[in-house]
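By letter and in written order, the chains are A, B, C and D; residue numbering begins at 1 in each of them.
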Amino acid sequence: MAKPVVEKKYSFLDSIYLFEILKGMVLTMRHFMFNFFASFRPGPHTIPTTWQYPEDRREISPIFRGEHMLMLDEQGRELCVGCGMCAKICPAKCITVEMAKVKEGEESKYAGKTHCKNFNIDLLRCIFCGFCEETCPKSAIELGQGYELSRFTKEECQLGKERLLKNYHWAKKNNKLKPKKVEAEQPKDKKE
Amino acid sequence: MEIKGVAEKLLAGYIVNISERCNDIIIEVDSRNILKCLTILKNNENIAFDFLVDVVGVDNSQYLLKKDKAKKGEEPAVEAPKAPALPRYEVVYLLLSLQHNKRLIVKARVSEDNMTIDTVTSLWKAANWPEREVYDMYGIKFNGHPDMRRLLMWDEFKDYPLRKDYPLEGKGEKRALIYE
Amino acid sequence: MNNINLDEYIKVNIGPSHPAMHGTLRVIAWTDGETVMHCDPEIGYLHRGVEKLGESFTYHQFIPLTDRMNYCSAINSNVAYEAAVEKLMGVEIPLKAQLIRTIMCELARIADHQVCVGILGVDLGAFTPFFYLIIQREEIYEIFEWYNGARLTNTFGRIGGVENDLPADFDARWKELKPNLFKSIDETDKLLTHNRIWMDRTIGVSAFSPEDALNWGFTGPCLRACGVKRDLRKDEPYYQYANFKFDVPVGKNGDVFDRYMIRMQEMHESIKIIDQAYEMYKQLPPDAPLMAKVPKIIKPPVGEVYSSHETPNGELGFYIKSDGTDKPYRIKVRPPCYMIYQAFPELVQGEMIADLVACLSSLNVIAGELDR
Amino acid sequence: MIDLIIALIKVVGIWSFTLGVAAVMTWVERRGAALIQDRPGPNRAGLFGILQPVCDGIKLFTKENIVPEKADKVLFNLGPIMFAIPAFSAFAVIPFGDRIIIGGKEILLQISNIDIGFLYIVALGSLAVYGVIIGGWGSNNKYSILGGLRSTAQLISYEVPWGLALLGVVLVYGTFNLREIALAQQGTFLGILPNWGVFHQPLGFILFMVAAYAEANRVPFDLPEAESEIVSGYHTEYGSMKLGVYLFGEYVNITTLSALTVTFYFGSWHLPYINMASFLGDGTIIYGIASFLIFCLKVSFFLWLFVWVRWTVPRFRYDQVMKLGWKSLIPLALFNLFITTLFIQIKYYIGG
């Protein structure tokens, strides 16, 4: 197991330390000068690689996998039928769905014949893999663009149905729904 | 395939079963002869399986039993767990020949009565941790291993978690903190 | 190691929470002054029972777990696992999916090497190259994010293909990223490679002979640094790697410097591969299939299979035993750094504490992959 | 009495000046590092984050003062004090400007003009090691003791080339008095170059700088607190203001070393080719201030150099530091000394 002995062969310039260190210092100085002048630019986003978070935010992908939302169709009806496919596929077992039949007189609220009475997502367990979105036969659940997921209490991390619908309304208001779904299945949305 | 033929010839008398699937040749030998077989496979110039990729343990107690269950699923009859015909545990050696760029899977069955098998750390040092892991997860002891301790689980842990009868959620073990 | 009396030495506990430990690793070192006489790596602090969990998951549900093994290059783990299941099922994925997988894998490889080289610099006291590299890694992550919506734990690909086509702006992004990548690698090279301090710290440190390396089961950059030319992309070519022109960099001494140089060169090779794969991709029709025909619920035939891919750390293999149901009977992961890390006591024996840290970083041991 | 008051004003002034410089240096270091590394760094507190040191100070002051249970309490508390005192004291003999004459009374811009200023500096430099080793020992922590040992070995080894390099300057100017050395650097040397120590002693200057980096425990010689190896070295167990004193002491050390560099090698308050005293008038207040400002400007360059180098190079290994110190720097320093004496002798025989 004797370790191989490695011979060190340095060229003269390498062996006197200072030459390469000076070269490196020139390089760091170039970066410094560039950023030094950049930091005097107006606005929060001065140095190109850093985002000054609360003031300026980076553009995130339209298909980002963030906080979930329950979708409505263009008439404002809930799409979810409460089939529980998402709960079944979820690797983290974070979704609980309770199905109920749509009562008389409530047909205008729901798109299907059944709906979910309760829908709960445990954010503490969710791993944001996006399988629920992929498996949903009605495209009723989507991972939205919300990425500020810190909460003060455990209870707040349980996303109930209200919260999920609120997320949808927020996304719709800010025009942050996923583009491909809008084009493929709901061409009427374009008119809005 | 050449490897299959050569290996069959070399290990004549040791082989219990040989099969081929997805370009993988799987040779099954008796657990008592495992060290001999692997030594032959490593040192023979024609095949020279000189690289140990991994050592895997498998608990076969429920292998292919589930199908029967599914069929019986409708009938609520309490089924007695069928004792598998073969020994319960399996140690799988994944070998690679760098010279010939060929792979080989060698298996040995270990029964519940005698949970020991010879170590191959004398052939490949690489077998050190994988064998410890198999011991950790299944309780199969490797004779002659230089350092037979638990690897991933802590030392005071009693059970063997990858056995099929160990529940997924665990049995509620807690690690007692011992300060020096 | 057996004939020295460990009680004579200072016992230094390094980790599991120590600034130089990559994740929760722990090394107990017995030192004579600064020289490490013997050390005992203790693992299992990040053991999450992935293999046990996998037995209760369906084949698809296991993909997110592979994300969390090597979190620096999750895509490589995803693809290696999917390939193993595809091999078990006997499915050949369409060409377009192969090319997308190749492009994404190589991008992830670059990202992984950037982290490894950067962290090696940080551990040896050179902070600046880390930032030059990591800034470009962000751009790579941006490509991932635009591809399927996640940056780090990608859950990339599905069994039988990939889920999305490359995003429309991939072309523009890659054109912008490529010169920046070259520049950042070049700057790191300028700051470190010929610096005498860096050379003194790395050349000859924890050198390893090729025989030992093979005996210990080394794979990947650490094996190539020892002078063994083995790369699964060349030797057991999968996907379209046989059609790409790229070199496999090989070192000589197997020391920290060689591992560092190999990683630096592999980044260049990966850029070459991406270029070729993307050229090939552009010639395909836009409506070419992304998924092979696989059933919705995956039930591979009874049997067992071992399949491995070349990930940034080395050979990542999956041994899958199927009993014909929708859940794997047994999944065994063969993490590359598991095999490399077990040789750690031999690698660092007789070196100094500072070299222990350098050696550990150059091996790129990732706790998530190590403990599973 | 007036002398005493003047001395007091000077002491307080220099004391607060060094503290201020050290505080600003913490900001400069962080901000400079950030800009070198393509990120903005602390930029929220005040304009460009200049108030960051104040926030840090408040944070350090209000934190709980923890003494580890098994630590040696006396030594643990003594460590930071022992570290800070020599760092501050060394400034006493460094001239930070020429002189001001008010009402016929000469006020030297220097706290005390002693004839053995050079020896005083070298002596205090050696004292700094006690703070480190006492802190490391008192903490009762293996990382701390390793850091302390590394630091001791390093400081003691580099004391030698450091002193030998300075000795070259002393030989050239023929005095131990720092003010006289500073005064002697006016004018030109060989007709074209400023009469600065660096042009008399180029090799000595390089040796001095390298040894100074080692003395200040800065990258590439920051082994005693190498974060990735031994956590924080000798101040691993320290918290609250005791840690603050260590961190502050480091910057005071850097300031002192930069001031020494300027005094010995870069002509102190002199501008090259310009004799300021002649056209501003020797001893006027404006001349005093101008000389002080020039001195500050030069010092700030060397302070920046400390930061600049830190974020460029990797760290040495313990044995390599020792090897560099004993096998390269000390022989070179002796060689430098030999050459210097040779030249002085030759000049003596030719000239006189």
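Here is the rule we go by: a contact is a pair of C-beta atoms (placed from the backbone, for glycine too) under 8 Å apart; a residue touches a chain by one contact, two chains touch by 3 or more.
The model shown is predicted, which means the values in this text are computed figures rather than measured ones.
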Closest chain to the protein CA centroid?
C
Between B-C and A-D, more C-beta pairs in contact link B-C
Just curious, how far off is subunit D from subunit B if you go by their C-alpha centres, in Å?
65
Chain centre separation in whole Å, for subunit C relative to subunit A (CA means)
25
Whole-angstrom distance, CA centroid of subunit A to CA centroid of subunit D, is 50
Per-residue multi-chain contacts in subunit A, two or more chains:
21, 24, 27-28, 31, 49
Can you list every residue of subunit C that touches 2 or more other chains, as numbers and ranges?
128, 132, 135, 191, 195, 197, 200, 212
Which chains touch which?
A-C, A-D, B-C, C-D
Within the complex, which stretch of subunit A touches subunit C?
1, 3-6, 8, 10, 13-17, 20-21, 23-24, 27-28, 31, 49, 60-61, 63-65, 89, 91-92, 127-131, 134, 143
Show which residues of subunit D lie in contact with subunit C when the two form their complex.
33, 36-39, 142-143, 146, 150, 219-220, 222-223, 226-231, 311-320
Hey, which residues of subunit A end up touching subunit D in the complex?
18, 21, 24-25, 27-29, 31-32, 35-36, 39, 46-50, 52
Would you pull the subunit C residues touching subunit B in the complex into a rising list?
43-44, 47, 49, 51-53, 55-56, 87-88, 90, 212, 214-217, 228, 230, 235-236, 302-306, 308, 315, 317, 319, 321, 323-325, 329-330, 332, 334, 338-339, 342-343, 371
In their shared complex, at which residues does subunit C touch subunit D?
10, 12-13, 18-20, 34, 121-128, 131-132, 135, 191-192, 195, 197-198, 200-201, 352-355, 357
